[in-house]
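The structure's right below; bear with me while I get my questions together.
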Amino acid sequence: MTHPISRYPVPELKDLPEDVRERMLQVQEKAGFIPNVFLTLAHRPDEFRAFVAYHDALLLRESGLSKGEKEMIIVATSGANRCLYCVVAHGAILRVYEKSPLLADQIATNYLKADITPRQKAMLGFSLKVCNDSANIVEADFDALKAYGFSEEDIWDIGAITALFGLSNRMANLVSMRPNDEFYLLGRVPRDKR
Amino acid sequence: MTHPISRYPVPELKDLPEDVRERMLQVQEKAGFIPNVFLTLAHRPDEFRAFVAYHDALLLRESGLSKGEKEMIIVATSGANRCLYCVVAHGAILRVYEKSPLLADQIATNYLKADITPRQKAMLGFSLKVCNDSANIVEADFDALKAYGFSEEDIWDIGAITALFGLSNRMANLVSMRPNDEFYLLGRVPRDKR
Amino acid sequence: MTHPISRYPVPELKDLPEDVRERMLQVQEKAGFIPNVFLTLAHRPDEFRAFVAYHDALLLRESGLSKGEKEMIIVATSGANRCLYCVVAHGAILRVYEKSPLLADQIATNYLKADITPRQKAMLGFSLKVCNDSANIVEADFDALKAYGFSEEDIWDIGAITALFGLSNRMANLVSMRPNDEFYLLGRVPRDKR
Amino acid sequence: MTHPISRYPVPELKDLPEDVRERMLQVQEKAGFIPNVFLTLAHRPDEFRAFVAYHDALLLRESGLSKGEKEMIIVATSGANRCLYCVVAHGAILRVYEKSPLLADQIATNYLKADITPRQKAMLGFSLKVCNDSANIVEADFDALKAYGFSEEDIWDIGAITALFGLSNRMANLVSMRPNDEFYLLGRVPRDKR
Amino acid sequence: MTHPISRYPVPELKDLPEDVRERMLQVQEKAGFIPNVFLTLAHRPDEFRAFVAYHDALLLRESGLSKGEKEMIIVATSGANRCLYCVVAHGAILRVYEKSPLLADQIATNYLKADITPRQKAMLGFSLKVCNDSANIVEADFDALKAYGFSEEDIWDIGAITALFGLSNRMANLVSMRPNDEFYLLGRVPRDKR
Amino acid sequence: MTHPISRYPVPELKDLPEDVRERMLQVQEKAGFIPNVFLTLAHRPDEFRAFVAYHDALLLRESGLSKGEKEMIIVATSGANRCLYCVVAHGAILRVYEKSPLLADQIATNYLKADITPRQKAMLGFSLKVCNDSANIVEADFDALKAYGFSEEDIWDIGAITALFGLSNRMANLVSMRPNDEFYLLGRVPRDKR
């Protein structure tokens, strides 16, 4: 009953364009394995490149949000979109960044019960509105975030990360993208115990 | 930022009625810790007793559903109800019963992408209809399950487990019931590695 | 076109365990008939006992809510869950307790138009949030009730009654539980006129 | 805690235009009282006249639907719109037409559990789609009704009655229109017993 | 792939009752063509007359709302109901009344982004609540409008226009009413340029 | 009451990186004006580049979908997301590609009433499922499209275009992106008449 990693053909590394393969090898070097999002989206190299570029533009950018907070947004909205790949893979990254084995499951299920600050709850509340009901965003929503010290640029970050992962949630659901088994345990136990 | 295990008073073991304490000690013996659902619901012993009795009546009962399948229902519907306690605690039990470290996260997020059989997907589809839209259950829903070999009694089990955990999901959300930290890792790594 | 009282087998009184039959005879003594919820749930005596115990723990308990207010919660949330049995049966009990022939239909349809106090409307608004969206309950919801004098224990009552009848609404929808004809008229006319 | 019959001014009979008063007196003659929908909508005589004309055009028209079936549509969709006035008033009319004391509560709560024919359930399923999701009506919806013998003209009747009472449900909710107390009991007991 | 103007028979002018034909000729005189809503609803002259009477009672009435504002309500709620006929036809009328080629598309899609006043946004927010959730209208909704200077009578107008076009949206969706091609361009270009 | 084109700073052409400015001048050359999506997203050049790359990868790609069909997907899903910018701007492009002045308003409002083929309706039905409920996509959804001749790669196109514009819909709603006035009329009148 094990599903394949995608319903679409998955290219072999050797058949990929040089730049796409290069990127994968970099990630593999760092993570120890190639996340399936890379392998499955590389079925179409141009879309792969655009996705990676968008990802890097938002996630590597200096911001009023910490790297962990950006992952919180991804996990919360991927939970709302019921995207297995992103909940599991970004849940792992969130645990690693925040050095918290509990946070990902909390935020994927119900951020209101998570061990986070009121400021972070406000951030996730806004991201879920962008995710589920962006048409009804009003000035009061911006004001609520500013009361917690978020700048207009921070709010762009929250909205744009939500929007980008709304895209990848839909792609992952479309292709039935399977998370690598490695992600499930990552960040749950001290490195030396694994 | 760590939440308490309940917004309501949590009784100490020594202050509990004998039968309630006894039950907790039994579970502690077996699991190594007392699940917070026991401690938090014991704030009201009569309701505690009724809940435990209902739980046992359904989960210990002989059934066309395996013990693992019953936990699948709890995890899927608790995910839909966004109940942190039940997703985490019953997710752990599901991993242990099914000896699968992946299944709980899959089913809590999106059972359609889980490593389960078509029969089990049909079972979870029905349980989510009982969870979200029980008023619109029709004969065709029963027929779809019977085509997979479920009996009328099995369907009662599916519906009743869904209904009971809909109750506990609401209680857990109401009191902000916190899952024991132990549950998060349970069933994810071989016992000797923990 | 008359439906049976349940799609599942309905036991005969004589075939029931002593304690279960005893309970039914008590109710019959008092009400003049055996409510179908007893007969239909007794198909599984253990679940029957647990349900009745839970019911008694909540409804017979001393509380900041009156007996009529507890029934208001049941009727309002059963209306939201579109559960015919509970709307009709508990609607009858509500009419009797409140000595009001109008209240049940008002509350089952739209509590905002009912002849109740602002405090009772706040109570029902909260119970509908527990019923429909318990994951999003926040501190402000508790504060709104406390402004009307509800204690934390009262709020547990509101939530727990909602949760328990959410369970029985789902069971009643699952088995197509039929309300006894007697309930429809109960409390609508002075006793001597019936 | 008794609400007035409308949040808007309610004209006195003597101040109404002749034709409007005439209509009310006719109804009063027949029913024994003036339904509040007449008194409250007469706040604006032109709209009153249009509403009554629309009502008569649809409800007095020869049709493949019986008079009782037309009331079933009104009760089911008014339940979905949570309109107290129409549920109670048309529930009464439905009981009288169908000589059934149970049918109105059944259909207002959940038509799938009502003592009606499969043909009538199909009719109400369609009317609820017109009520809640008219944009997604497709040819298959028409086909399903035709399989039960409904003609295109009958389907217009179902849709138009749903649409007209969607209008009056919204007006009743807007003005908090109060059903006459008389309606609650009408059709529940044999005439000689009241 | 061009759809007919209605799935129901469309009467010829010559076959219509005198008063119905007269009304059509008046409109044709003024607009240069007969809007399809007239031709399609005239399939049933009595309902046609009632609809037109209701329409005139509300739209020709002196009000605290301008003629343009009334059309804004129709366009916003018809957008929510996804009614092609009313979005296109009343969008055209709105452009003409407001002498704005942009307003109709803005309001049909998302009134919060339209070039209108805060007062008009409040009006449309209320009309969408009447459209989508009239059962939950509360005093605070009235208060919010009164803060912008709307009277109780103005609020009746907002609600009643919403309710009437909720009726015609459902009829148009039912019969697949086709907007006249002429409406699409009306009010978008200066008259002498067409 | 005219809104600015974005709530965020809009860069001047001269201040933009060479490649970004170059792209804008190309579009301006072709369209006669610079679409505001370029100006507003260029506030962050890296995200701009990624968005444009994604856009080109999908929309310039050879496909089993025509250029007009790709725009139909954008218009239908942007309507569902209530994104003013995309409904108006891509509505214009759709009219131009399909040489149809009516199609955009039809599809933005309700594709089921549009002058398109059954195959195109199936395509839009699927795109709306990806837009609104991607977690529940199942094999039967793919089968339904294949029955109309869509290949797996075509289905990826439908899903990916939906996903990308779900991203831009959210960004446009977030920044209150204003469509250029020119778009509203584009493709509605023969070129020589404008």
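So that you can tell them apart, the chains are marked A, B, C, D, E and F in the order they are listed, and the count of residues begins at 1 in each.
We take it that a residue touches a chain if its C-beta (ideal position, glycine included) is under 8 Å from a C-beta of that chain, and two chains touch if they have at least 3 such contacts.
Remember, it's a predicted structure, so these values are computed and weren't measured experimentally.
**Q** If each step moves to a chain the current one touches, what is the fewest number of steps from chain C to chain F?
**A** So the least number of steps between the two chains is 2.
**Q** What is the distance in Å between the mean C-alpha positions of chain E and chain F?
**A** About 28 Å, centre to centre.
**Q** Taking each chain's centre as its mean C-alpha position, how far apart are chain D and chain E in Å?
**A** Chain centres of chain D and chain E, defined by C-alpha means, are spaced 24 Å apart.
**Q** How many angstrom between the C-alpha centroids of chain E and chain B?
**A** 51
**Q** Would you kindly tell me how far, in whole Å, the mean C-alpha position of chain E lies from that of chain A?
**A** About 44 Å separates the centre of chain A from that of chain E.
**Q** Which positions in chain D touch two or more other chains at once?
**A** Only 82-83, 110, 135, 173 qualify.
**Q** Please list, in label order, each pair of chains that touches.
**A** Result for touching pairs of chains: A-B, A-C, A-E, A-F, B-C, B-D, B-F, C-D, C-E, D-E, D-F, E-F.
**Q** With touch defined as at the start, can you tell me which chain E residues reach chain D in the complex?
**A** Against chain D, chain E makes touches at 7-8, 43-44, 46-47, 49-51, 53-54, 56-58, 61, 81-83, 130-131, 134-135, 137, 152, 155-156, 159-160, 162-164, 166-171, 173-175.
**Q** Provide the residue numbers of chain D that touch chain F in the complex, in ascending order.
**A** 135-136, 138
**Q** Could you please specify the touching residues of chain F with respect to chain D in the complex?
**A** 110, 112
**Q** Chain F touches which residues of chain E in the complex?
**A** Within the complex, chain E touches chain F at residues 1-3, 79, 82-84, 87-88, 91, 101-102, 105-106, 108-110, 113, 115-117, 173, 176, 178, 181, 184-185, 188-189, 193-194.
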